[in-house]
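In what comes next, subunit A is part of two complexes: it sits with subunit B in the first one and with subunit C in the second one.
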Partner chain A sequence: MRLKCAEKLAALCLSAAMAVSVSACSGGNMYASSNDSSSIADNDVITIGSVTTNSGSAAAYGESEVNGFRLAIKEINENGGIFGKQVRLESMDDKGDVIEASNAFNRLAGEKNVIAVLGPTISSTSGAVAPLADQNQMPSIAPAATADSVETGGYLFRTCFKDSYQGQIAAKYAAENLKVNKVAVLYGTGDPYSSGVGKAFVAAAKKAGLQVVAEENSSSTDDTEYSSQLQKIEASGAEFLYAPYYYSAVGPYIVPQARAVGYDGYIMGPDGYDGLKTTGNKARYDKVLYTTHYSPDDKSNKKVQQFIKSYKDANDGESPNTFTALGYDSVYMFKQAIEQAGENATRADIRNAIAGMHFSGVTGEFTLDKQGSPEEIGHRAGDEERLADLQRHHPTGQVGRIP
Partner chain B sequence: MKKSMLSIKQSYLVCAIGVAVLFGLLMAVCETGAASLYVKGIIMTCCIAVIMTTSLNLTIGVLGQLTLGCCGFEAIGAYSAALLSKLLVANGVQMDATLRFLLVTFAGGVIACVFGILVGIPALRLHGDYLAIITLGFGEIIRVIIQNLKVAGGKGLSEGQQGQALIGIDRLANLYVVFWITVVTVVLLFMFARSRYGRAVKAIRDDEIAAGASGINITHLKVMVFAISAFFAGIAGGIFAQYIGALTPSMAGWLQSINYVIMVVFGGMGSLTGSIVAAVGLTILPELLRAFSEYRMLVYSVVLVLIMVFRPQGIFGNWEFSLPKLVNRLFYPSRVKDPGESGAATESDAVVGRAAESADDKETKA
Partner chain C sequence: MGDQIIMFISQIFNGLKIGSVYSLVALGYTMVYGIIRLINFAHGDFIMVGSYVLMLTIPFIIACGLPAWLAVVPAILVCVAVGVIVEKAAYKPVREKGNNMTALITAIAMSLLLENGSQAIFGADYQTVPTIIQIPTLALGGLKIDGATILTVLLGLVIMVALQLFVKYTKQGKAMRAVSEDKEASILMGVNVNSTITLTFAIGSGLAAVASLMYCVSYPQVSPMMGAMLGLKAFVAAVLGGIGSIPGAMVGGLVIGVVESLTKAYIGTITAGVITSAFSDAIVFGILIIVLLVKPSGLMGEPESEKV
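For the complex of A and B:
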C-alpha cells in the first residue's frame, strides 16, 4: 500500500502541535499564583467566600455551617461591620466532592474582591483545597475538618480540634476525672475517623497509665450488631469503654446492646455523638459522655448563651448545633484577623494575622498552633506543661452529656 | 470515491486541523489570561471525565457489558501514580516534571490494566446484572484495601498512616499535556472500535452465540476490552491524582462509578462522540447552575430525567459525529447520501475537536 501522504501530514501537524505544547509548559502552568488580589481598602464591601457541602450525604453539616456564617455576618453588619464596611457572604456548594470543591475554591480565588474563604466542610474536600489555598494565597478557615491528614498551617486553618486530640482528651478525662483504671476500646476499622480517634485514644490511655484490657473492632461504623464485641469487653472487666462512632450507631445500637450484655460502666466517644437520640429507657444513657467542640450547657461562657438566644430568634426557636457554632466562630476569627491586619489588609496580611492567633468564641478560648489547628496536646514529646495549659484555655475540650 | 468528495486522506487532514484549531483556541485562552484558574480547572476536569467516559463506553456501549467498578480502576491508577511519583522523589531521581508526570501516569494505567485482566478473567464469565454486581463489589474491595494500606495514607510510603487521606502529591498535571493525552486516548479508542477487533466486539454485543459460532474468541476479546478500559481509567486516575494533589479511598466507591455510567448512558451507549459531549456537558452543567445555589442539583437531576424520558437512547444514540461528514454535507450537499466509511482516526479526531470545542465555548461564556 502507498503511504498516505495526508495521513503523514496529519501526524506531522499533531506532533508539531504537541511539541509546541510541551515546550510551552511553563506558559500553561496552571499553578502560577496570581497575587494581584486587591486589599480591603479597594472595595466598599468586604466579601468572604464559602465552600461548603450543601447537597449530598453530608449536606446537613454544610447547611449548619452556613447558618452559622450568616448569623455571625448579620451580627457584624448590625454592629457597624468591619472598619465601617459591610460584610457579604458568597456561598458555594461542593456536593462533598473534591473536584467540585477545587473548582469552587478556584472560582472564589479568581475573584479579586474575595478576601478570605470559609470552608470546606468535610475532611476530604479540605485535604484537596489545602494546596490550592497555598497556591492562591487565599486565607481559609475550615470550621469542622477534623482529620489529622488535612494539612493546615499554610493558608488553611481550622476552628475545630483534630481527631487525634479528641482521643487524647478522652484518655485524660478518664484518668483524671473519672478515675478509672481498666479501659476498653471499640472502633470501626473501615472508617478513618473511627479508627483514627480510637488508636489515638489507645496511645494516650497507655501514656496516662491506664490499663487497656480490651481492644475490639467492627468492620464498619454502619453495623447494627455489636453484642459479641461488647460481651468480650464486659468479660474483660473494663470500667470505661471508648467507642468512637457516629450518633447513628451509638444511640440505637451500641449503648442498648452494651447495657443488655451487662456492661454498666462509662461509654465515651468523640464529637460524632453530637445529635445522638436516646431510645427506650433513658437511664441507660446516664454514663454516656462525649468530647465536643461546643457545649450548649456551657454556663460559664456568656457568649454561648447569647449565641443560642440570637440563633433561636433568627431560626424559629431551632437550636444551633456544633457545626453552626464552629461556622459562627470561624467568621469572628476572620473579623479579628482583619481588624488586626488593618484597613489595607491583603489576603497575605490576613493569613499572617490568623497564624498563631488567640481567639475566644462560643467554641471556647484557644490559640492556633503552628500547624494551624487549635492547640493540640500529647502529640510531641515535652508537651506535658502545654497540656495543663490547654485544658484551661479550651473549655470545649470538656465533656458533653446526653440530654 | 468521487473526486468532489473528501478522500480518506483529506478527511484525516480535516480532523487534524480540527484538533489543531481546538488546541490553538485552548492556548489562546490560557496564554492571554482570558481563562482563570477556575476555567482551567474545569477544562482539566472535563478532560479527565472524557477519558473515563469514553473508556467506560468501550465496555458498556461497544461490548455491551454493564460494569460498575470503573472508579476502582481509576483509584488504582491514581494511587499507583501518586505513590510512584513520591517514590521517584524519595529516591532522588532527577527528571523533568512533564516526563515524570507522563511516566507515572502511564505506569498507573499499566497497573490498572493488570488488575483489569486479573478481575476480568473470572468476572467476564458472567454477564448482565451479575457482572454489574461483581464489578460493584470489586470497587468496594479496592476501597477497603486502600483504606487499610499503611503506605497509601498520610504522606505516603515510609511516612504513611493507615486510614488517612494520601496528601502531598506533586501537582504536575499540565493542562496542555492532559489535553493531548485526552486526544490520544480518544483516537486510540476510536481506532480500536473501528478495527477488526472492534467489529468482532460489536458482534459479541449483538449476539454472543452467533459470534462464538463464527469463530470469534469471546473470552479473549472480552478480557481485552475490559483491560483496555481499565488502562485508560488508570490513566485518568493518574491525571486526577496529580491535579488534585490529595486522594481519599472513597474515590473508588460505587457512587463515583455510577456518575460515569450516567455520562455514558446520557451520551448514548456505543457512541464515543456522545460520551465526550455528555462528559463535557455534565461536568460543566453543575458549574453553570451555580447561580441556583441549593437548587442546582435539583435542576441537574431534572435535566437527566427529561433526557431519559424523551431520548432514552441518549443524546447521540448510536450515531457518531464526524467533522469530515459535516464538511461533505456543507460543500457537497448533493453527494452526501453515500459518504463512505471514512477512517477511524478521522472520525475520532473530529470527535475530539467538536467536543472540546463545545467545552471551550461554554467555558468562555461562563
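For the complex of A and C:
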C-alpha cells in the first residue's frame, strides 16, 4: 500500500513536471528570459509594460498612474526618446485582483520586446508580482504599493515610501509640531494598508511619549458609518485622531461624522487621503492633515510646477494627484536607469541600474537601497535622509492639508 | 453615570441613523419579494442609479431656484423606468420560461450589469453629492441628535403606513395580494398579473429613489459599487424582519442598525478587548442566524397569514 502510494506520488510528480514543461513551452519564453538576453538594441522602439488597476474599487488609483505614465512617455518621446528610440506603453488591467495581476505580468514578461514593467498599483497585487519579477528577471517599479510586506529589492522596486514610515512620521508630527498629548487611532482591521499604518502609528506614538487613549476598529474600510467609534474617541478626550483610511471614507464619512459627534481635534492620515473631496461645510476639514509623497503646493521644486502645468495642458485643466506624480516619476526612473545601463541594456542591466539609484523627481529626491539581500529587502536606506530632504522642501514637514 | 447614559442613547441614535436607511431599502426588497417571490438583488443598484441621478440633477434643480430635495422627482422617474425595463426585459421572460432559481440568477446578473454599466458611464471614481438639505442637530442637554436621522425614520414610517394601506385597501393592492397568494387563480379572477407585477416593480424602484435621497443626505458620496453592501445589509434586514412583511422590513432595518452601533460601541469593553468593534458585521449576521433558527419566518413574518 505504501509502495503504491509512493508510486502514485512519483507518477503525479512526473506528470506535474511534464505539465510544467509543456506550459513553459506553450506559454512562450516564460522561464527563458534568463538565457535569452533581449536588449533594447533588438527593437526600434522601447516597450515598457504596465500592470495597473483600471477597474474595480481601486480603479481611480490605477487610472491616475496610467495618466502619469502617458504624460512622462509623451514628454520623453517629444524630447527625442531614449537613445533616439521612441518609448511605447503596453498597458494591462489587473482589476485589483492578484491572479489577474500575475497573469498580466507573466504575459508581459513573456513578450521579448517588453524591457520593464510599471506597476502593479495596490499592495496586494504588488506582493503577488514581486516573486514573479525575480523569477522572470523583469525589472519592475510599483509606483504606489506602500505595504511593508511587499518584497522589494530583487527585481521589484517602489517609488513611494513604506506604510510603517507614514505611521512614524504622523506620530512624530503629532508630538513635535502639533504638540498634542492624548491621541486616538481608528483603523479597518480587514484592510492591510489601514491596519498596517494604524499599528505602526500606535507603536511610534507610544515611543514618542504620546498617550494612546483610544484604539478603535472597523471591520472594513468600505463602511459608511463610523459614528459609534468616533463617539467613543470623543469621550476619551483625544486631541488628535489618526485614521488611516482611503479618501473615499474620510471625505464624506469620517470627518463629517467626527464633527457631528462633537470631536473637534486634529484628524490625520496617510497618503490614501489624497484626492479627498470635501462635502458640506468646509470648516470641518480645517484640522485634517495627511502625509504625502507629493505636494502640489511645493513651489521650491521647479519640477513640480512644470509637471502640474504640462499635466493640465494635456488633460483639459484637470489637476494631477499623488498617484499621477508617482507614476510619472516611475517612468523617469526607468529612463534614468536605461540611460545609465547603455544602448545594449538588457532587463538585468536595467535592474542593476535601478538598485541604489539616486533620483530626483516630482515626488522628491531619494536614494534606493543597493542591496537586495533578504533581511534588507524592502528597506530604503534613503528613508531618513528623504525625510530631512522633504522637510527642507516642505515647510509643513511633508504634510498636506485639505485644500 | 449621566455621561454613560447619554453615551448609550447617542449610540442608539447612531444606530438609527444607518438603520433607518436600511429600513427604506428593505421596504423595496420586501415589496417585490412579497408579490413575486423574487429576491431582487439588483435593488441595491437601483439605489445607486437613484443616487447618480440626484448627483447629476441637483445642480439644475438649484439653478432653477427650487429646493435641492426636489431632485428626488427625476430620481423616482429614472428609477421607475430602470425598474420597469429590468422587469420587462430580463425578469419577465425568465419568469415565464424558467423557475425561481433562474430568476434569482438573472437578478444577480442585472446587479452586475448595472454596477459595471454605471462604471463604464460614470467612471470608477467616487463622486460627492452636493448638500441636499441642512437639517439642524437637535441638542437635548448633552445629547446630540442628527436631524437627518429623525427625518429618515419618520419618512420610513410614513412610507410603511402608506404601503400597508395601499396593499390592504386599494384595488391594485388587493390584486397584488391575490397574485402573491396564487398566480393562476388570480388570472381566473380577472387580475392582470403582468401589469400588477409591473406596478410592484415600479413602486419598489420608486422607493429605491426615495431611499437614495435619504442615503445621500447622510452619506453624500456615490460610486458604482455603493449599492452592493448596502443592498446586502438591507436584504438581511428584510429577512430578519420577515421578508414579505412591510412592518418587518422597517423593524429589521432599525434593529440591524442599532445592533451594529451597540456592538461597535460596547463589545470591546464587555469582552475586555478580546472581540473588537471590527467584529460588528460578524455579530450582526450571527444574530440573524440565531433569529432564523428560533423563528424561521423572521421577527414579524407570519407564515400562515398572507404576506403583503
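Just a few scattered comments:
Basically, the second predicted complex is superposed on the first by the 340 of 403 C-alpha atoms of A that agree within 3 Å, B and C clash if a C-alpha of one lies under 4 Å from a C-alpha of the other, contacts with A are read in each partner's own complex, and residues count from 1 in each chain.
Going forward, a residue touches a chain if its C-beta (ideal position, glycine included) is under 8 Å from a C-beta of that chain, and two chains touch if they have at least 3 such contacts.
Keep in mind it's a predicted model, so treat the numbers as computed, not measured.
Look at A:218: by the touch rule set out above, it reaches subunit C but stays clear of subunit B. When the shared chain is aligned, no partner comes close enough to touch A:159: not subunit B, not subunit C.
When the two complexes are overlaid on their common chain A, residue A:128 makes contact with subunit B while staying clear of subunit C.
Contacts of A:190 after superposition: both subunit B and subunit C are touched.
In the superposition on chain A, contact is made by A:55 with both subunit B and subunit C.
Of the two partner chains, subunit B is the only one that A:151 touches; subunit C does not reach it. Legend: residue contacts after superposition of the two complexes on their common chain; A:67 is shown touching neither subunit B nor subunit C. Looking at the superposed arrangement, the partner reaching more residues of subunit A, out of subunit B and subunit C, is B.
Residue contacts after overlaying the shared chain place A:47 against neither subunit B nor subunit C.
In the superposition on chain A, A:98 makes contact with subunit B only, not with subunit C. Residue overlap on subunit A between its contacts with subunit B in one complex and with subunit C in the other: 55-56, 189-190. Residues 4-7, 9-11, 13-14, 17-18, 21-22, 24-25, 27-31, 34, 54-56, 91-93, 95, 98-100, 102-104, 106-107, 109-110, 123-124, 127-128, 130-131, 136, 147-151, 189-192, 195-196 of subunit A touch subunit B in their complex. Per the touch definition, subunit C reaches subunit A in the complex via residues 3, 7, 10-11, 14-15, 17-18, 119, 123-129, 131, 137, 144, 146, 219-221, 223, 225, 229-230, 260-262, 264-265, 268, 276-282. Those residues of subunit A whose C-beta lies close enough to touch subunit C in the complex are 55-57, 59-60, 63, 188-190, 216-220, 222, 224-225, 227-229, 231-232, 235, 247-248, 251-253, 260-262, 277-280.
The part of subunit B that touches subunit A in the complex is made up of residues 7-10, 12-13, 15-17, 19-20, 23, 27, 30-31, 36-38, 40-42, 44-45, 97-98, 144, 147-148, 153-154, 161-165, 167-168, 171, 173-177, 179-180, 183, 244-246, 248, 250-251, 286-287, 290, 293-294, 296-297, 345, 349.
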